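The same chain A turns up in both complexes below, where it pairs with chain B and then with chain C.
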Partner chain A sequence: MTATNIDPKLLQILVCPVTKGPLEYDKEKQELISKQAGLVFSVRDGIPIMLPDEARKLDDV
Partner chain B sequence: MIGVTDPFTDIRTYADAQLIDRLLDVTRSFKSALVCGAETSHLAQDLLKKHNLDTVFEGEFSDPDGPANGAVSKVNNRIIYDDEWVPFKNEIFDLVISMRALHWVNDLPGALIQLRRCLEPDGLFLASLYGGQTLHELRESLIEAETQLRGGIAPRVSPFVDVRDAGNLLVRAGFALPVADSDTVAREYISLPELFDDLKNMGETNAVRERPHGLATARLFEIAEQIYKERHSTKTGHLKATFEIITLTGWSPSESQQKPLAPGSAKQRLSDALDTEEKLF
Partner chain C sequence: MDFGDFSSLAESYGKYRQGYAESVLTALLSLLGTPPNRAEAIDVGAGTGLWTRMIASRGLARVTAVEPNDAMRAVGEDQTKSLQITWLKGSGELVPLNDACCDMVSMASSFHWVDFDKGTREFHRILRPGGRFVALWNPRLPATDPLLQDIQAFLKDLMPNMTRRSSGLSGISEQLTDMLESSDLFTDTVYLEGRHTIALTKQDYIGVWRSVNDVQVQLGAQKFAKFMRYIDEVIDNDRQVEQTYLTRAWSSQKI
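This part shows the complex of A and B:
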């Protein structure tokens, strides 16, 4: 699979849609993590999916 | 499609032209824009080329795998988000354009506040959405038909915001120099199915989630079409359908903008300027 990396410009403007807090970018998994909200937003073909309804819950482990 | 009463063949084209018109009225230049809503690619690329913007971000509401995205954008900076959950930092854009999208939002005041916050001071917000007059003929016919048939009604046409409310919402969301204006465009259709087909092509089907499913029978639409024809047909016997397009303009507040003076701070009398006597009532 050839994952398209997210454009750095996007990382500069994005925050968590729920808490408006910072996001961490997991390059390996192509995911944006909001620790405050406990949500993981996926990035598909370089396009971040910032929908709380489609975000995955952050595992507690 | 026959009998279009407007030079524009498509309501969408018309709505977008209204938006672009407002943008051309603005003399200041922009650096970083967010273009969001329906079918944004065209305008986003236009902005990049003609207006010399450094960066245009494109926001869409639907899933990229979904059917709504016909044209694949060449702009790399795309984000899928929801206007009720805006994922942008504060004061990050100097131009936000929302195209034919805000009538889908449940919490319009909340969405406007969030979009305003991601604008820099003196940044421009432009939006187009369908207004309260949209499809009033269809709504009336369906309500009448359903009352006749079942003695009750179901919301089959999405509720739309009124142009006056839209203006007030801009003020409430903290926009300076707010303007809300509306345009009504009439179109003609041969039949109700043709009207429905057109709405489907526009991606504008009923957004009311709580509507009863499976209750819209063929009989209902037959009666509705009959009522529609009786009350809202054109000279040629076609169905007349109104679309109201609301265009919103607002600026993120800044010290540099003109503001009204505080009450009582006038240094000259109005009566002097008008050369008349001042009377107390």
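This part shows the complex of A and C:
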């Protein structure tokens, strides 16, 4: 099964909600990584979950 | 149920909440410096996407819906599949979108849930120069409607000290023009209103009341059940209820 990717138009304008800095999109894991904030946001069925409360810390596995 | 808890309301909301006046949307789009087919819009607190789908139907270049509540967003995604809308989970206080990425930011029936200062700072940031922030509500118009007056009188008897949080006829909307004008972030605030009337079946009319968060929270389960029984009793089964809505919108330009 292939994961639903984020709409490319949305990806162009998506930033970290905390730092407003860039996000790295890991398509395999369907995650968006904010290195500056040290947070990883998940993507569920192509929908980015951009609430800091629901993100995991970058160091956590 | 808590204030602002929309998870348990999502189904009623998606089914029964009515749209906004089309003429108000036309006027709001005409205030943008960009023609609609080149304009990009972000709808924050999009809920089930009632307003979002109206914007998208006007053929905008890009429409993005931001909604924190999973249940509301799920209904919205489901109901707007045929339209070009991209959804994301986010809040109006920490918007995960780039600076100067849109021509219009809207909050439809949701601005009263956001911290004013944090929200307006974020909307200012994501708007392009000259872009517009739009806040709007769609309350039912009681003045023209004996049935609604009757039901609201019953509600008042049931709970004399009830305060309506989000009706769009009270609360934040009473001073919104002043609040926006004195914020240093926005100017040229325009206030618009338009009426539109919708014929509802009895079941749909009852459904509209089921979708109202603040009434359910304040009444509690027992009194809310009594309230719903009253509405059921005062409307004949085969009656169509003409419901007039008043769309009230504020459009304010980024400084």
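Heads up, the rule we're going with is that the second predicted complex is superposed on the first by the 57 of 61 C-alpha atoms of A that agree within 3 Å, B and C clash if a C-alpha of one lies under 4 Å from a C-alpha of the other, contacts with A are read in each partner's own complex, and residues count from 1 in each chain.
Here is the rule we go by: a residue touches a chain if its C-beta (ideal position, glycine included) is under 8 Å from a C-beta of that chain, and two chains touch if they have at least 3 such contacts.
Keep in mind that this is a model prediction, so the values were computed, not measured.
A.B. asks: Is the arrangement of chain B and chain C around the shared chain A a clash or a fit after superposition?
C.D. replies: By the criteria stated at the top, chain C and chain B clash after superposition.
A.B. asks: Have a look at where A:15 lands relative to chain B and chain C in the superposition and call it first, second, both or neither.
C.D. replies: Both: A:15 reaches chain B and chain C.
A.B. asks: Look at A:51 in the shared chain and tell me whether it touches chain B only, chain C only, both, or neither; answer first, second, both or neither.
C.D. replies: both
A.B. asks: Determine, under the contact definition given at the top, whether A:7 touches first (chain B), second (chain C), both, or neither.
C.D. replies: Once the two structures are laid over each other on A, A:7 reaches both partners.
A.B. asks: Both chain B and chain C contact which residues of chain A?
C.D. replies: Touching chain B in the first complex and chain C in the second, residues 7, 9-10, 12-18, 20, 47-52, 54 of chain A appear in both lists.
A.B. asks: Per the contact definition, I'd like the list of chain A residues that touch chain B in the complex.
C.D. replies: Listed in rising order, the residues of chain A that touch chain B are 7, 9-10, 12-18, 20, 44-54.
A.B. asks: Touching chain A in the complex: which residues of chain C?
C.D. replies: Where chain C meets chain A, its residues are 62, 64, 68, 73, 77, 86-91, 94-99, 101-102, 125.
A.B. asks: Spell out the residues on chain A that touch chain C in their complex, using ranges where they run on.
C.D. replies: 7, 9-10, 12-18, 20, 41, 47-52, 54
A.B. asks: Touching chain A in the complex: which residues of chain B?
C.D. replies: Its residues touching chain A are 55, 57, 63-65, 76-82, 85-90, 92-93.
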